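What follows is a pair of complexes built around subunit A, which joins subunit B in one and subunit C in the other.
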Partner chain A sequence: MNDMTLEKAATVEFRGLRREFGPTVALDGLDLDVRPGELVALLGPSGCGKTTALRMLAGFEHPDSGEVLVDGQDVTEVPAHRRDAGMVFQSYSLFPHLSAVDNVAFGLRMRKVRTAERRARAAELLDLVGLGDKGERFPHQLSGGQQQRVAVARALINHPKVLLLDEPLGALDLKLRRQMQLELKRIQTEVGITFVHVTHDQEEAMTMADTVAVMNGGRVEQLGSPSDLYENPRTTFVANFLGTSNLIEAEVDTRSGDGIVLKAGGGKLLLPEARCSAPTTTGGKVLVGVRPEKISLTHADAAGDIPAGRNRITGKIAATSFIGVSTQYVVDSAVCPEFEVYVQNIDRDAKLAPGAEVVLHWNPAHTFGLHADQSLLAGTTGSAGVGTVDDEAAV
Partner chain B sequence: MATATSEAPALAPAPATKPPRRRGRWTPYWLLLPGLLWLFVFFALPMVYQVSTSVQTGSLEEGYKVTWHFATYWNALADYWPQFLRSVLYAGSATVLCLLLGYPLAYLIAFRAGRWRNLIMILVIAPFFTSFLIRTLAWKTILADGGPVVGVLNSLHVLDVTSRLGITAGDRVLATPLAVVCGLTYNFLPFMILPLYTSLERIDGRLHEAAGDLYARPFTTFRKVTFPLSMPGVVSGTLLTFIPASGDYVNADLLGSTDTRMVGNVIQTQFLRILDYPTAAALSFILMAAILVMVTLYIRKSGTEDLV
Partner chain C sequence: MARLNPRPNLWRWAVLAFAAVYFLVPLAASVIFTVDVPGQGVTFDAYGQILGADGFLTGLILSLELAAATIAVVLLLMVPAMVALRLGAPRLGPVIEVICSLPLVVPPIAFVAGISTVLKWGPEYLSRTPLFQTFVAIQNPDFPVVLVLAYVVMALPFVHRSLDAGLRAMDVRTLVEAARSCGASPVQALVTAVLPNLRGALLNASFLTLALVLGEFTVSHLLGFQPFAVWIYSVGGSQAQLSVAVSVLSLLVTWALLLALAGLGGRTRTAAKG
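Right, the complex of A and B next:
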């Protein structure tokens, strides 16, 4: 197993990749740097160009302009069968006429490795993915999860410098998906090569990736570690696509120390300057965001107990839903029609029922500021999974 | 069923009569009946009739009687083995040619044709809109002595080579083995292309990418992935070409000469001109048995019994 560890981890760079399919712009100047040995997730709604980007890295697709670099070398013109990239396809694409072990050994056969060695190495990789005893089965005799593992083993056999995974878990049920997320992460740690993982599932990206590249409309919207992206989104798309954000339109009033005082509705909010990605000239507009779990909820009668120095907003509870570990409240307020608040179920206040007048308050440090000239609803996940033009028309 | 029920004391007492609710049980079999009847009338009966004819003796004037005269078979084989051999040879060559011509075309239609796919498919099938006979007669004109095809082949000295190989004669193409094989190839090509296309079209294009990703060059991908996966189409295409081609007599009749007669021509002559029914029946039976044996061996060898 040790012969496949490390040594070959590579950097990957996308430089201004552009690709059009007729009227569709699949990639619109994509730039991305991946560090060696890192698991990077390309995260974005369906149709944002994730697969196209991955296929360019594998060599199945050619950019109209821009270049792809692996380990600093321009591979844009290198055909797929000469690139050191292993691909795990969305539908697995195992060879139906070959057994699991022959599927895995295929890459070695192409490189004229002798039969005995070939089978030994294939068996070793099947062990790595936990299918040591299923080698003689054919793809149609394996479950979805098992086919998935065979596909991973097959892609790893030639010691690729980078493994590409296109929504590898999309076809699995929820429980298996969770299990495979950990499994893939383990395999990645074990073989130590660079993984580029495409997904539209933000939870999957957050769980697995060292770095997440949030994609939108054929370009990278923001790149960062999962927690960095979550805490410091720089666009409303990222704020909404990764988890949920409450966004408020506000106007810059004054400065106080390293904070900015904003006017929203009738009240004032404090925003740390460091967490604002928009210009803050007095009188200018800014979007203020706060995550639902950072907010506390107090009944208006007890408003006096709220410590000073916290950002406050008043409103009225429109709906509550109890989901076990927490309760989710939707609050109607003057500054934001549907403010979402998640409160942990520690001491539940029976007075916090629909119709109750409440004060929402949070530590100003948890506030972030965004540029005001973007849609509040970009990247919101509706039932279809993606924010669409219709959502924006409804603003 | 009734006995099984009475042996099981735990069950409620069995009703004296047969259990009801079983009326639908026979429906599937009734539905088979028309098909079985068809097979009986148009396959089993003619077979029996043919076998019985083949062992009759007599003459047209005195009438034929079943005398179990199996010697007809040996005589037929002894007299006509060259024609048998020729049938297998011509049909085999035509099948190979069909495969060589048809595979690239089927591949093109399945993977490269894009929006032209339907148009090309129609072009493949279009010849069926005119009669087999007319199309074969047209080949007579195409290959006619002194015609453009012969002229071109002659000026390229192709005919010198083929004549030395014995498949054309001098500067003629018509009335030679080459003409017959060309006619067979042309007439049965769609029967090769259609099954090939069907099996190629079912192959997921991502498999080609997957192979390429694992360092397979395009031709290796074809050899190790595409071709094995298209085997069902290859097998059924070659069978659909070889079987009817080996029994064909129209091509040999219209495009060939007395030196290119196939078994089909002999059977036709025996039945319709010489009126020697026993020999004709025996020849048909031998041809059928021979094809059956060859096909069985072939399917065994290509290991695709369950895929055809």
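Right, the complex of A and C next:
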């Protein structure tokens, strides 16, 4: 596969893409830059416009306004078959009448490459996806995961500048999906071209992508590396859609050094200024967030043992659930009902049972601050509707 | 289950026996009637007479030509239309279905009355215009194009049904998009990705159209042409034994053609694999 390394990796740029389907706004001025050779995931709930954006890059949809650039060239008016973009679909899209090797060779057949040569190159690509011995099988004789591997090989045969993946693992079961995530990542590293991956599964996006673009309401809500997005969400939507966040409404009190002291329900919390995306004028409102796994839980009787300088909140355990690696606690407190805390099961404290008075405490460096003028529930399962993918495809 | 088994089996045989009696007995009776002349024993004279009869070959060939032309026209018309409908305007589906089913509702006799009225539109003073000449040309008895046009309309319900079933069985949009992202133009996508998977539906549509054209009588007879079915009628009217022999023969010819078409379909399948 030495002939298909970095030389062809291309940039992808979306410039102010807008698309309406009747009364629904699918894309609302989408801007996004993808660097060459990068695996970028478009992540969002169904209806956020991620599939529409991908289909515009493939040439199957036309924007009402805005443009798509590949390798710096405007391809908005270029028909799909001249775009140099391979695509892998969610539903198994192999041609049922062709064997695996002929499916992979299809792109070369369209380019009038001789039969012997195209079968040889198709066999090479089948090797790349680990199906070298299944070339003569027909799609109905292959499992779902194998079919998707063939689909990836087929999409790569013409040396595309960019590979588009539209929920490619959506139809696979969980275990196979995990395996295929790593497999796709390996293939991407090997061929080195730009991958644009659409998914509604945040874990999949975080596992595979170099860069994740969290989409909401037809635009990119936040762009960054998986760890950056997780640690420093800038909106409640990102904070809630990527993992779980505890959000507290607080008021700016004073400053101390490069931190901000906040008042929340009688107590005080410290927030590093660099981790606050909201204005911090004294008396202003801020949403304070902290991830459940950053929090330690101590029984109220042992509150004296907590080191100084940590953010603390008191509350009462409402529920616990044991899930093997960790125990999840739901704590009712004055500042935030249903505070979620995940504690690793290293030394389990039997006193931490429902009804127990507890102190929640965490390192202030793990606190993030968000604008107070947004919904606390944005991006949670109920509100944004992390529903089926089919809804979006049907738009 | 074991206790219940004998009864369904019994019913199965009963139904099979009934069907056999219903279909095979008249057929066997017809065959016996044509070969067994009282007092002479078994003779194939009747069949010999048909093969030697005037117009047998011309009628049969005309019918086959008409069938081939009808199949070609109706598929060229319907396949792109149905695929475009699936891809572009799925909501128009029921409208097209109703339109395509109309020929089932309109009796052939009304249909042919309409056609002859239209064909009489060209008055004498228009005889030098292309319109009139077109009307004359499509009624050329050697190859009456007007019959092809009529048969295309009459075949619509069957062709629509089989193509619709074929298209329902696959995800046309994804197949076309997959082909296009592999570098196929829209036409290439249709020919290389959709059509091969429609083979069954296309064969089915061709079968039904072939059977329809071979057996069609009303329209061709009333418009004054003489394809196979009309020839059977005209030759059979004069002699009882001959008329039955002709019916048996036409049945055999239709079967043979359908088998040939099926065989053709089977061969293209193996060829496509290579």
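A few points about this structure:
FYI, the second predicted complex is superposed on the first by the 382 of 395 C-alpha atoms of A that agree within 3 Å, B and C clash if a C-alpha of one lies under 4 Å from a C-alpha of the other, contacts with A are read in each partner's own complex, and residues count from 1 in each chain.
The rule we apply is simple: a residue touches a chain if its C-beta (ideal position, glycine included) is under 8 Å from a C-beta of that chain, and two chains touch if they have at least 3 such contacts.
Predicted model only: the values in this text are computed from it and were never measured.
Contact with both subunit B and subunit C is seen for A:95 once the two complexes are overlaid on the shared chain. Legend: residue contacts after superposition of the two complexes on their common chain; A:155 is shown touching both subunit B and subunit C.
In the superposition on chain A, the residues of subunit A touched by subunit B in one structure and by subunit C in the other are 58-60, 79-83, 85-87, 89, 91, 93-97, 106-107, 109-111, 154-155, 157-158. Interface residues of subunit B facing subunit A in the complex, by the touch rule stated above, are 204, 206-207, 209-218, 220, 224-225, 228-229. Of all the residues in subunit A, the ones that touch subunit B in their complex are 58-60, 79-83, 85-87, 89, 91, 93-97, 106-107, 109-111, 154-155, 157-158. Taken together, the subunit A residues at the contact with subunit C in this complex read 58-60, 79-83, 85-87, 89, 91, 93-99, 106-107, 109-111, 151, 154-155, 157-158, 164. Those residues of subunit C that touch subunit A in the complex are listed here as 170-171, 174-175, 177-186, 188-189, 192-193, 196-197, 199, 272-273.
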